[in-house]
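A single structure is presented below for examination.
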Amino acid sequence: MSTPKTPAAARPISRFPVPALQDLPDDIRGRILAVQEKTGFVPNVFLALAHRPDEWRAFVAYHDALLAREMRSPDNPHGCGLTKGEREMIIVATSAANHCLYCVVAHGAILRIVEKAPLLADQLAVNPLKADITPRQRAMLAFALKVANDSAALVDADYEALRRQDFSDEDIWDIGAIAAFFAMSNRLANLTAMRPNDEFYLMGRVPKAKG
Amino acid sequence: MSTPKTPAAARPISRFPVPALQDLPDDIRGRILAVQEKTGFVPNVFLALAHRPDEWRAFVAYHDALLAREMRSPDNPHGCGLTKGEREMIIVATSAANHCLYCVVAHGAILRIVEKAPLLADQLAVNPLKADITPRQRAMLAFALKVANDSAALVDADYEALRRQDFSDEDIWDIGAIAAFFAMSNRLANLTAMRPNDEFYLMGRVPKAKG
Amino acid sequence: MSTPKTPAAARPISRFPVPALQDLPDDIRGRILAVQEKTGFVPNVFLALAHRPDEWRAFVAYHDALLAREMRSPDNPHGCGLTKGEREMIIVATSAANHCLYCVVAHGAILRIVEKAPLLADQLAVNPLKADITPRQRAMLAFALKVANDSAALVDADYEALRRQDFSDEDIWDIGAIAAFFAMSNRLANLTAMRPNDEFYLMGRVPKAKG
Amino acid sequence: MSTPKTPAAARPISRFPVPALQDLPDDIRGRILAVQEKTGFVPNVFLALAHRPDEWRAFVAYHDALLAREMRSPDNPHGCGLTKGEREMIIVATSAANHCLYCVVAHGAILRIVEKAPLLADQLAVNPLKADITPRQRAMLAFALKVANDSAALVDADYEALRRQDFSDEDIWDIGAIAAFFAMSNRLANLTAMRPNDEFYLMGRVPKAKG
Amino acid sequence: MSTPKTPAAARPISRFPVPALQDLPDDIRGRILAVQEKTGFVPNVFLALAHRPDEWRAFVAYHDALLAREMRSPDNPHGCGLTKGEREMIIVATSAANHCLYCVVAHGAILRIVEKAPLLADQLAVNPLKADITPRQRAMLAFALKVANDSAALVDADYEALRRQDFSDEDIWDIGAIAAFFAMSNRLANLTAMRPNDEFYLMGRVPKAKG
Amino acid sequence: MSTPKTPAAARPISRFPVPALQDLPDDIRGRILAVQEKTGFVPNVFLALAHRPDEWRAFVAYHDALLAREMRSPDNPHGCGLTKGEREMIIVATSAANHCLYCVVAHGAILRIVEKAPLLADQLAVNPLKADITPRQRAMLAFALKVANDSAALVDADYEALRRQDFSDEDIWDIGAIAAFFAMSNRLANLTAMRPNDEFYLMGRVPKAKG
């Protein structure tokens, strides 16, 4: 009657076969090792999706095109107008709307770290209307959630609401495209029953001790 | 464009007036001080609802009648057939279905502590189908979520599904009544925009250092 | 093929055991006898919930805290700003949204009597937009129904709509708290398949003959 | 703040112009007078829809084709397999699903009279699962409600469930066609904000005194 | 594994018995032959519904009352204010909302022909917000879709939105009544699994060669 | 009051800037020219998404990884187990669920051509339950639609239903991944209000004349 005591390590991270790191093509393994070096562990999404190398490559390329872009600046006029934190807010809020455990937990961790905001991810996951964000960010999430939940109903007024908050059309593309990309990612994670690494749950919650 | 930096302490915990501890009737203040001594802080629900003392008393009495009962045992044949952890699972899962930030965060903390399961509350809040629980607990939550979401559609088959998992009729009452009580609590928290104490977010996530 | 002819008296009033009046604790029996004297019969909710005396006491205390309060007046500045009829309107409309047979039928009877309005309960139960009520009452029900159906989506504009109709913040608490309390009551009635007393259906429909 | 005291007679029965009886074409006026003679008053649907005589004629012809048919019998092998009461059950349950005040109130009255069942209409209007009907009638209403709510999802299994309850294919047509006809009627009543006659609310609730 | 190669002619056009043309009553057969002469084939709806002659007659009379009316003009002041194309737009859009294959395909064909607009029916069937229509027609469809999907929620503002687009009250009746009539038709077609004639799919898509 | 007569060529194909073919990077222009040569025109998706070259490349790579794979065969054991037609069925059915005009129209054309089935796309777009497909294909679409509409609710039984129809786990990945990819594509098309080329509407409807 108690909760199962299977050690987490013994629980599958996908409903589908998960390749061993050493069996992966060089480019994929290389990227994964780089992530591992930076993060300290291999996020399960990299292994679970590597079951299909071509899809993995396209997925990671798409991810990078949206999320690895530097911010817009005088030196980088084609950069992204959204901060890294704002992009993660979109991901957490829309992934929660899709009940995607992997993306809420993994990107919740990133959001906490990037924003140095240990409460924000849980707030966004449960109810974005109750999160400690600005009215401008609230407008951004309202649009992103409409893309996630009912994109067919988007009308001029939705775009104008963002422009009134000084979002440019390029920003609107980013807001919508990130919500659209995670509409796919959430479904892939739900399809594979992708399990978040245990490490993500605690990341960004405890202030780092000073040196 | 950055997230607001108002210190959490400065943010209101309710849309309605919140009484000061010293202004409360003795019985209410006494109970609150007892909770404070045990928990280390005063959970905001006790202050926010104390705006209406009579409703506070009924709320706390109802809470205790459902959640403070000891478990059933040979010495306590009228005890509750659900473990404290299972009762908290019902609360977290149904409160997430109602997008109640206060209850998910506060009872998520209790669940983590009671079950010594630092991942479980987040799993239940995002997608109960992906939580590390037993099939019996999964049946319990399916029933609780039907009470929360669509109680009018309950039919014999729903009760039989619980009996097949060895839940007694008294257990079924408890599952349903806890879901019903939090249907009210969640709405009160959403009505008042009740803010969870910051302390709850981290509780039960970090293993206690041994003495 | 005809409808069943089981006499109503033979039909169970709850899926769970129903205690006999004489087996109940004195305080509970006393209150029930007082209701019986006033109403002429014992409403089934008092018997069905008495299966759990502690929950019964909390339920009745909560009920009284919200619904037994006298109206606000110069002599009673902390009274309730809603008329008894308005409180019953909230109950009937939200209970209908939750498809709760017991609460619609029992509180429909009370509403008809209190408001001397034999048509009103049926109108509210089928479609509140078609009921013979004032625009102010319509705003009250719109808020109550949002608490019942989608409390997580409450935003400032919902509160402002009530203030524009001269509802005070205390009134808003009452509207929301009554809707929240019946979110619980409706679920308890649906959980137990609580059967309304046959007497309720006709009460308040026929004008009393003059003496 | 009190409920409006406009006498019911002063309240409009339609958002659209309502013709006077004497201005109607002979055939329409004749039918209406016949109904008045039988019922004691003119049900508002006959007047509200008479704004469009050709549509009125088609509406009444359709109504009669479905609802005025005698029951199947050895002498009437092409009669309807559903009792008059069962046809009214379908109307009340699906009209409640469509929140159509006129049809729930008017056909609720007919149902109470035909079935000599003063409680049944209210039960069906609030929650068909709680109504005092047979399992066979419950299956009939499940099918009718699927036609009303989600006819595109009808599959073989829905038809088989009725056949298992000894409904013939002709009966299934009747169940579905009545639900379909009231899908139209409910929308016409909601479009016109058709007001039920006050008389309907009480009909069939009080046992007739014996002569 | 390939799609079934049953010739279309061999596939049933209804779940219910379909009468042979020669077995039908004279009036019904006469009308059907007239349609056949004009259209070149017998639309299946005429045969499938003829299983019930009285219902067929009422259905066709209702159809004609709404859709066969000539347009309003100085010579015909009681004509219909909607063009034939606009009436078909309402039918296609609401039938798509009801996922009615027969009505979308058959009336899509009529719409393409009447409007000489080969793309319009597919646009309306998939997403009316993306169709090449005027803002006034968009308002018309928004009202019609509310009648189809949620007629109980119609409020004054919905009627005013149409009046602002210069729709008269008679026009509003037509918009609503057509949506209501197809609420019934769609359910009858779904109930019978009515199969559209293959001919409809291509009609109005290819410009006619000049003589 | 008539439908707008703006020539289609004058209507924007995206809410966002659309690059001219000659301004695009070589690799993108090359691929587009290849498609143009094969199809006879440039599908608008290639131009509308090229506003963001990096996202274009990832999108096309992902598309090819899922849809350009050859079928599984003795010589190609890692090929795709779904026919090209089946993959297009998934696209049309899920895109219709998302009300994505571009994808329904463009992939509807491909489906008609690949399957030599001029009616199939319209059937799937309006109601997949009424399409002329095999029971195995029906199970495939039920799973794909669950991925599209409610992926969080996927449970073991959904996978088992596919295995009973002899779909392998690799096939299940393909069904789910295609539905997931179009969850993204549909949202991108709705975000940009992407307009389908007029050519698509007629493709595959008219049998080719023999040589």
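We call the chains A, B, C, D, E and F, going by the order they appear; numbering starts again at 1 in every chain.
Here, contacts are C-beta pairs under 8 Å (C-beta built on N, C-alpha and C of every residue); 3 or more make two chains touch, one makes a residue touch a chain.
Quantities reported herein were computed from a predicted structural model and do not represent experimental measurements.
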Which chains, if any, touch chain D and chain E both? C, F
Sharing over half of the contact pairs with D-E by residue number is what counts; pick that pair out of B-C, A-B or A-C. B-C
Please tell me the distance, in whole Å, between the geometric centres of chain E and chain F computed from their C-alpha atoms. 28
Report the inter-chain centroid distance for chain C and chain E in whole angstrom, where each centroid is the mean of the CA atoms. 45
For chain F, residues contacting two or more additional chains: 99-100, 127, 152, 193
Which of line, ring, star, complete and other names the graph you get from chains that touch? other
Which of the chains touch, listed as pairs? A-B, A-C, A-E, A-F, B-C, B-D, B-F, C-D, C-E, D-E, D-F, E-F
Counting only contacts in the complex, chain A reaches chain E at residues 152-153, 155
In their shared complex, at which residues does chain F touch chain E? 1-4, 6, 8, 11, 83, 85-86, 96, 99-101, 104-105, 115, 117-120, 122-123, 125-127, 130, 132-134, 136-137, 193, 195, 198, 201-202, 205-206
Under the definition above, what is the set of chain E residues touching chain A in their complex? 127, 129
Touch list for chain A against partner chain F, complex: 15-17, 51-52, 54-55, 57-59, 61-62, 64-66, 98-100, 147-148, 151-152, 154, 159, 169, 173, 176-177, 179-181, 183-188, 190-193
